[in-house]
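What follows is chain A paired twice: with chain B in the first complex and chain C in the second.
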Partner chain A sequence: MRNYLRSLFLFTLVFLTINGILAESRQPDKFKEALTIKPLSDGKLLTHFQFSVKHYGYKEGVVFSHYNFFPRAIGQIFQTYNVRELHLTFTQGRWNYEDWGYPFVPSAGTGVELWAWLWKDGKLDENWKSLTNALAGLFCASLNFIDDTITVQPKLSFRPEGPFNITELTERAELRYGSLPHENVCTENLTPWIKLLPCKSTSGIASLLNGHKLYDSNFHSMSIHVQPSCEEPDCINQQLEIIQTVSTVIDPVRNSGKRDWSLNNVFGRRLSQACPLAEESNLEIIIPEDGDYKIIPDADDIIQRSMDDTDDVEKKIAVYNLKKIEPDTELSMIWNEDQFEYNFNPVQPRIFAHRFFTGYGQERGGIKVNIFNKSPNISIPIIYYDVIPWYLKLYLHTLKVQINGKNTKLDAVNPIKDLYFQPAVDRSRPNVIEAEMLLPPNSLTTLSIKFDKVFLKYTEHPPDANRGFDIGSGIISTGKIDNDFLSNSTNMSLVTKKSLVEYMYFPIRIYTETLLVSLPTPDFSMPYNVITLTCTVIALFFGSMFNLITRSFVAFIDAGEEKAKKKIDSDKSNVQKGEKKDFDGENFDSDKSNVQKEENRDFDREKTKLEAEKTIDNN
Partner chain B sequence: MSKVRQELKTIEVLPNLTGVIIFGVAFAIRFILFQFSNITEILGNRVEIVTPVTSFTRLTEGLYLFDNGVPPYDGGAFHQAPLFLACFQLLSYLPNILIPLTYIIADLLIAYLLANITRIKQHLYKDFPRIDVELYEGKPKEIDPWIVSGLYLFNPLTVASCLSRSTLLFTNLSVVLGTYYSLRNNKSYGMFWIAMATYLSFYPLMLVIPSILMLTNNTNLKGKKIENEVYSCAGLYIGWLTGLFILSYLLVDSWDFMQSTYGVILLLPDLTPNIGLFWYFFIEMFDQFRSFFLVVFQLHAFIFVVPISIKFRNHPLFVVFLLSGIMAVFKSYPSIGDASLYLAFLPIYSEIVKYMRYNYLTTNIFCYCSILSPIFYHLWIYAGSGNANFFYAITLVYTVGNIILLVDSTFSMLRREFDIWNPELRHCEITQK
Partner chain C sequence: MEKVQDFDKSRRLIIISFWVVILIGLPLWWKTTEVYRAQLPFTEIEEWSKWEAFDLDFPTTFILHIADVKSDVNDYKTFTNMIENSIMSKYNSNHNDTGYPKSIRFPIKIEVVKWNAWMNVSKEGFNSDLLTFLVNKNGQYGFYILPGNNSKTRVLVGNQRQAIVEIGNWNIDEIKNIISNLILSLFLPEQAAIKKFIREPSAEAKVDVDSMRTMKYSPMYQVTFSLMNGDPSTLLVDWDIKQAVVKYLKPFVDKISMISNLTVDSQIQHYSRLTFEPQKNLHNDKNYFYLTPDLLPHFINAAEWNLASAVSSYPTLNFILYVPSKNQSPLYIKDSKENIIENNAFLIPRWGGVIINNPDQSVGTHMFTFDELKSVMSIFIMQLRGLLGVQDVWLEARSVLDSSINVDFMPTPNTAITIWELDSLVRRRIAENIVSTISTLKSLSQLVAEIPNMVVLDHIQTEVLLALDSLKKSCISLHTGQYEIALQHAKKAIERAESAFFDPTMVSMLYFPDEHKYAIYMPLFVPISVPLLMALLKELKELKELKTKNKKKE
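Moving on, here comes the complex of A and B:
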């Protein structure tokens, strides 16, 4: 009976396991796509494409090789190099926080930004290097230039976007971050990006991705995020999710003077059918709160939702389901106005920042960051993060913090709660500043630091040396202020004691401007001349010194004078014998005897010569 | 002959009115100028005066990192010896005025020791034969030791270097102390200060040989073997140096400082301009030849130690002068502070000046460089109307000026000695063999 039960139990177990595996592998990847359009307060238009594919049955450390919608190219790179999370963003232009508010996804600073959590497997740095190279090949970008001099490990600013357990994460994975501010983004990066989509650009909202229109914009950002995700709160079954986004900010006012837009004049294309593989395919328009406008045709549905993490205000959204829409539908929004009137008092986001260089000349300078906190009555915790390349030598002792133009020296009012600084090492790693700060309400906090510009070897300058070097954006991480924090922020001592990072999560990232610094240049046509001239000077010294040290002085003497001289010589040696003295213990008589010997030898030779050369070792 | 030794121990330059005036004025000038913080700021940022390995700004940075628990040698900004950290940390607890005072006192101490060195040198050469013209009423004309101090203290290069708070001053002090004690036959102190100078800026390593020459000069009188004396000196030197290294290790708790100080001096990762030959040469050097030329240039600086020490074995002080001159020109990060040291040794041998052929030229070159080098640097870095070659040209001229001075004084020394031993050949034509 017991045997029977045991075999039944075993059988059930095997059945369940097999069933589970089959069920898991049977569950197909899920693909969702959405296009969000938002008229911005300065008349520009934000369009945001988001595509996400979820691969079910993903287990950390277990290699999967069956691909459905999930792009194989990314999946293979992801698994080969033991990546836990991957975030790659290509951006051109700068997100204008003051006019546009916060973007839907953290926009990255100009250029390319790559950050990834990699599993510690003994060859993590090698994997990171391979990862950058593989992605460089995949996206036709110069990601392979993210080498040791650029790579950093931020301590505070970046947390995984997917689910994570902080202790497990810090033990088993490490973060690597690299950015290339000078990288230009163009169609050669977009094409491989589109190829990763299940429907490519043949149908669905991806068919609107028209390179000609996309890059004719004030700002565009294209990104790939690969991260584990969970659908249940306890996170037993994980999925691997890839989120691809494209955001562009287009200026309809530039052409017509009005804010009117239609899909055709924004993208140069009309909407065709939805991607048949997509589970959801939506087009959403965030409806402005005021203004006289109409959207044609009418939306399928109007919902209310809050759009970004800082804003609790729910916004009205017109939703079009592309599964139901007619082919070649033209969607447009028409404002009842003759000319767009610029809004001079836009609603500013809570935190924004500007960064700029100070000083002049090519020898030294300074960096200044102005961080604004516009909230009228709450102190806001932020993390300021800045990577400055090694060719600017930062002096940490010159770091100054000002609040509303006043120096803060007292610790009580110092907004910097914790500071992590990694000084640069020439040709091997950059400067990293990470500061946890608490910004007082309605304030302008200014950080300033001075640096020396490094003189580079002529081979280290780029071909366009006088253009200068790009310095990547500084990043401010901040987040939604939760009530816990608010209740405690009155008690400042508690905040200073406890690390802010443990305290709250910082999902919003604000990127400052990238900067351009010109370094002193040598004359690039000079290598041969410099080698020649410097070596000549060295040879001049070596030659003259060698000459003086090795050759002794010689007098030309007539034979007639010789006899007279001999007499003097003998007199001299007598005199010298008499007054022979020690010079500090050193016997000068040895010198004298040398002189004598030389003279005797010379005298023999002189017999046969009329004019003789007399040498004396004057030493 | 122990009398000579006895005398050496006691010989001391006596203060007189000249001395008091010179030191008083020198102190006042420095003290007043230190009160203008923008002067020290400007001078402390001049590439001619401070280098990456002596800059006070970088020392402050190293100190700041050290105070805040960041390993100071982990970054690429601080390249100075760990003992500076300890000393300046101590100074930072004391009133602010002490830092300028330390610099002023170090400078005055150098001058005082130079006067003493002059006095000892004059004593040692008392019985050395002379040429007739140097005698005045049967007695040799000697330079007043206080004038030697004065020439050091009022040398604009010295003043500028002191005001810039360049830490090179302490290397110079160690060199002068090392020379002073070696001349006094104080083996232990002499070797300690030479070891200290080596520890602070590496190149004074070459001064070990002249110091040993000074220390072993009268060993045969004491009945000791010269070899043993040389070994004991070398042993002392190595002992002191090791001691300093171990002390530094205990201070910063890692050996990183070796790479960050001596590694930087030898391998030249920081190509900030200075008045030397290295920076532009290695900015412009092709990558594949960089290591080769680095070895050649560093060897070139050291290659003269042995031949000069042999040639002038009877004049070890003159060897110190020549070697500090060579250091000042051919070290990897030279500054005018280096030049001020070797120029201070020159008046001690004032008797050779009348043999020097290019005094007018070298003086002019120094003036010309002092005026044009800031201008050309400004044209390159700030105005943008000149390029790097402008400043490079001035560094070449400066180097050539120093070279002419060094070669000329070597020539004068040898030529004068030839005349001393061959007074009868005074009217003959003298050339080199």
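Moving on, here comes the complex of A and C:
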């Protein structure tokens, strides 16, 4: 029946396809590629590859099936499962916000993070499940482990990155989020990722993507974002855009003690030529503001541009047009210094955070998040988002907020403006905390909450149970501070919870550390030990009981002793008689003694029989 | 003495009661630890697989419209019998029916109708005039038989299920001969194919070249057209595939959708390089590269060309238009006799087709226009026909017929498949589906019988029962010649059988293998059973002794 339905569905797809063909416009796909290199303040080097393909004539609900630059694999998945927007990031290592500032692409939580807006078509959850499975197959990753116990629907934190209309969005689409902090990222994920590029890794900047160098780095992140986009403000003609990025942070100081780098020693390859399919193919170096250095060869152009959404400081960028560059050009940057002097007071970003576990033992614990607002005089709104798996039972009443170490209980000072809390349900959904907060200037805000650890069933433990369980990053979303907002925020009480989210867009996300929690682990051979032990005890018990019931036990008595014993017995019975007379009545007692006597006689008889047998045997 | 006997008695009672508990308990334990297995209709499946449960009939009716010319054809009833007898005798001489079950039959029915209006029919007006007589049902065909102008016999095949037969030598024997030959030659190849299916379903792949080429039946195929560009740095390519698909392919897709649905998509892949270097021509001044037949199996670079579908689990048919890189072009295919193949294309059985195209590389860009794609698409459609198992009925008939008969065709509508071909394909797919449903069910029942640790859930049972039900319905519809309905049921049957067979729950339980069970229960059962057994043996021994004693006493 399911197959039948499926074929019916695909059959309608054929019709849609044919309709789609007629509706599609003839404007070809556009492909752009860029490599941005940024020396970081602690001597490391950020390299960021970005490839984007735009498919023109995209219309929501109209299936397109003829692909040029846009990868067919992604297009099919995107359309079959009715996705509106898709964001998938593979990350290894931790982005060091204090030294490096904010990354170019906001998603940076360790492991795999997938979030997607899906159209409500009656089988949204089924689509989400199929989507995770299809992507798992495509990227050789364990994305299929994103099941109900991990999937979350964030209320505040994630907005579409393409154009959207808030009422239309909430009515017709839903957000799903899942992350796997334990997932390792390696070449088997990179290879299918590269195959999605129009020029693969044959030419263009993608030819620099060398697995050996890429994964020998302090941080690397690989992502795919599929979203509608617009070129004109009224957004009548939409395009479907796929943005693929790879960011790595490499440490040139580790090898030479100096910050000097060249393309060859960073990637182990030289730049060949631009991808012939690319409309634009650029290499950009963000020029540091101070320091004595030179870049060889000279740039084609130097432009000014603001790089991230937090500050309006424009940065100088050296741009090389790869369409004009000669093949096998070696690009390098040389600093005039003998040794790199580490900067102990880097310019810190406005907001950053750390999260850690508190408590000890295997029964209970707590989570603490320190959120720093380093701006000297601006209150900054943020959204804190955290997903804690069901096996840690959070207690909302233990949620405490401190500002600079002082408890806040009064509403006026309380930085939490709104709070969504989803309690966990065992084996079916995680805890979710989403808090809208307003951080006072130059402050350290601490959130803490306590939890109990659940004793898992022994089959629920992973094969490496003693390693512990990874808890994904907490996410802080914040944004550019609008001037209007600043003037309003002087009176903090004006900021109601409604205005905060609708007021601004939160394009910056700050990811905290992932955590490793160890739950009480059982001895996994225990069930078998218990079974064998119980069986043995039962068997022993049974054996002895059985023998007791079925065998007769006879005391062996010598002939001489026998007489004496008889005498004693009769004395005893007399004594018993005398004693029990008072309350039992005579008849009963005499019966009893008779029985005893008879029994004794029986035993005697048997004994003599046995003895007789013995003698026969002996003879 | 009595007491001793009492004691012995109660002891025996105790031992017996223990054994009674064990004897009742063991089957109970066995029953409660059993895996759940829904009852499957094994005997019915067995009957089907031995071809006892059903008859397969593929009835065909021919309506002969015989021109009302003064001739000896007046008694239509005897004429009908004559033709039927002639067909039967020729048929039997062609076949020895020893190899396949008797229950497959191809009854042919002949109806003869007097045709008065024949004089008005000119060849041009043939189609529109005859629409009134149209028999629009698979398995029913009309022949319009009229005397010819010269002594040659000609056949004109119409767009519908009819044909005009012009008989040069108008006499009853000639008519009988030609018509019976014609009918036999039209249906013998198809019948042979169906019989082969049924005779050796497992060895079906080895039967002949046609079935080797044809894809296994699926209700859905994904058709992917890929434009493979060897090197975009010297030549950028694009194609107008959307329009080409709508214009050239869609009519075919619509026609074939009664058998299988086709979803169509396309992609352009750049930097699609070959895994080997093609050979360079060294013989004369002509500078070109070529592929030899032994290189063709390595042509597809499965590791680097993105051909797999990420969402569909249905089989994919790939059609590749390959543009070689500048340093390998022009590229041609040579056959085993070292001749360059004209259309520069080859078919990969059960996979798809490849066309190599060598556009002018000097310009730097090349757009395959709608018109340019016409020849490309016509080759692709030819290959697609082969892959889907469409066979040219009249072409086969022509090869069997004697050469004095001329076969012509009416201009066909642009669907790439005629109604005769579609009918034949429907009949063959029905047979194929019925046969593979039966063999799937057979394998399923074997599997269930062989693995006792496998759970068989209720929905598997339902699927199997429904599949058998559809099989029955399909056979009943075949009897009455309702091929469309039979096909629908046969499709359902195969889908259900496969969904039962490939159900994810149909695997052996791995958690409690027998060894595991014994290992766990051993410490319980062995120590318990030793005293019990010993007690029993002792008791029996004593009983025996007692008996001998009693005998002695007597």
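A few points about this structure:
The rule is simple: the second predicted complex is superposed on the first by the 501 of 619 C-alpha atoms of A that agree within 3 Å, B and C clash if a C-alpha of one lies under 4 Å from a C-alpha of the other, contacts with A are read in each partner's own complex, and residues count from 1 in each chain.
Here, a contact is a pair of C-beta atoms (placed from the backbone, for glycine too) under 8 Å apart; a residue touches a chain by one contact, two chains touch by 3 or more.
In this text, all values refer to a predicted model and were calculated from it rather than measured experimentally.
In the superposed pair of complexes, A:Gln362 makes contact with chain B only, with no contact to chain C.
By the touch criterion defined above, A:Ala134 lies against chain C but remains apart from chain B after alignment on the C-alpha atoms of chain A.
Looking at the shared chain after the overlay, A:Asn547 reaches both chain B and chain C.
Contacts of A:Asn68 after superposition on the shared chain: chain C is touched, whereas chain B is not. In the overlay built on the shared chain, the residue A:Gln273 is in contact with chain C alone; chain B does not reach it. Legend: residue contacts after superposition of the two complexes on their common chain; A:Lys195 is shown touching chain C, with no touch to chain B. Legend: residue contacts after superposition of the two complexes on their common chain; A:Ile538 is shown touching both chain B and chain C.
With both structures placed on the common chain, the touch criterion links A:Phe556 to chain B but leaves chain C unconnected. Of the two partner chains placed around the shared chain by superposition, chain C is the only one that A:Ser203 touches, whereas chain B remains out of contact. Touching of chain A by both chain B and chain C, each in its own complex, is seen for residues 531, 538, 540, 542, 546-547, 549-552.
Those residues of chain C that touch chain A in the shared complex are 1, 3-4, 7, 11, 14-15, 18, 219-220, 232-233, 236, 238, 241-243, 245-246, 250, 253, 257, 261-268, 270-271, 304, 306, 308-312, 314, 492, 495, 498-499, 520-524, 526-528, 530-532, 535. By the touch rule above, chain B contacts chain A in their complex via residues 1, 4, 45, 57-58, 60-61, 63-65, 68, 70, 74-77, 124-125, 127-128, 217-221, 269-273, 277, 279-287, 297, 300, 303-304, 307-308, 311, 314, 329-330, 380-382, 384, 387-389, 392, 396, 399-400, 403, 406-407, 410-411, 414-415, 417-418, 421-425, 428-433.
The touching residues of chain A, when paired with chain C in their complex, are 2-4, 7, 10-11, 13-14, 17-18, 21-22, 24, 28, 65-69, 71-74, 76-77, 80-81, 134, 137-138, 195, 198-200, 202-203, 273, 276-277, 528, 531-532, 535-536, 538-540, 542-543, 546-547, 549-552, 598, 602, 605-606.
Chain contact summary for the complex, chain A toward chain B: residues 360-364, 390, 393-397, 421-427, 452, 454-459, 520-523, 526-527, 530-531, 533-534, 537-538, 540-542, 544-557, 565, 568-569, 572, 581-586, 588, 591, 595, 615-616, 618-619.
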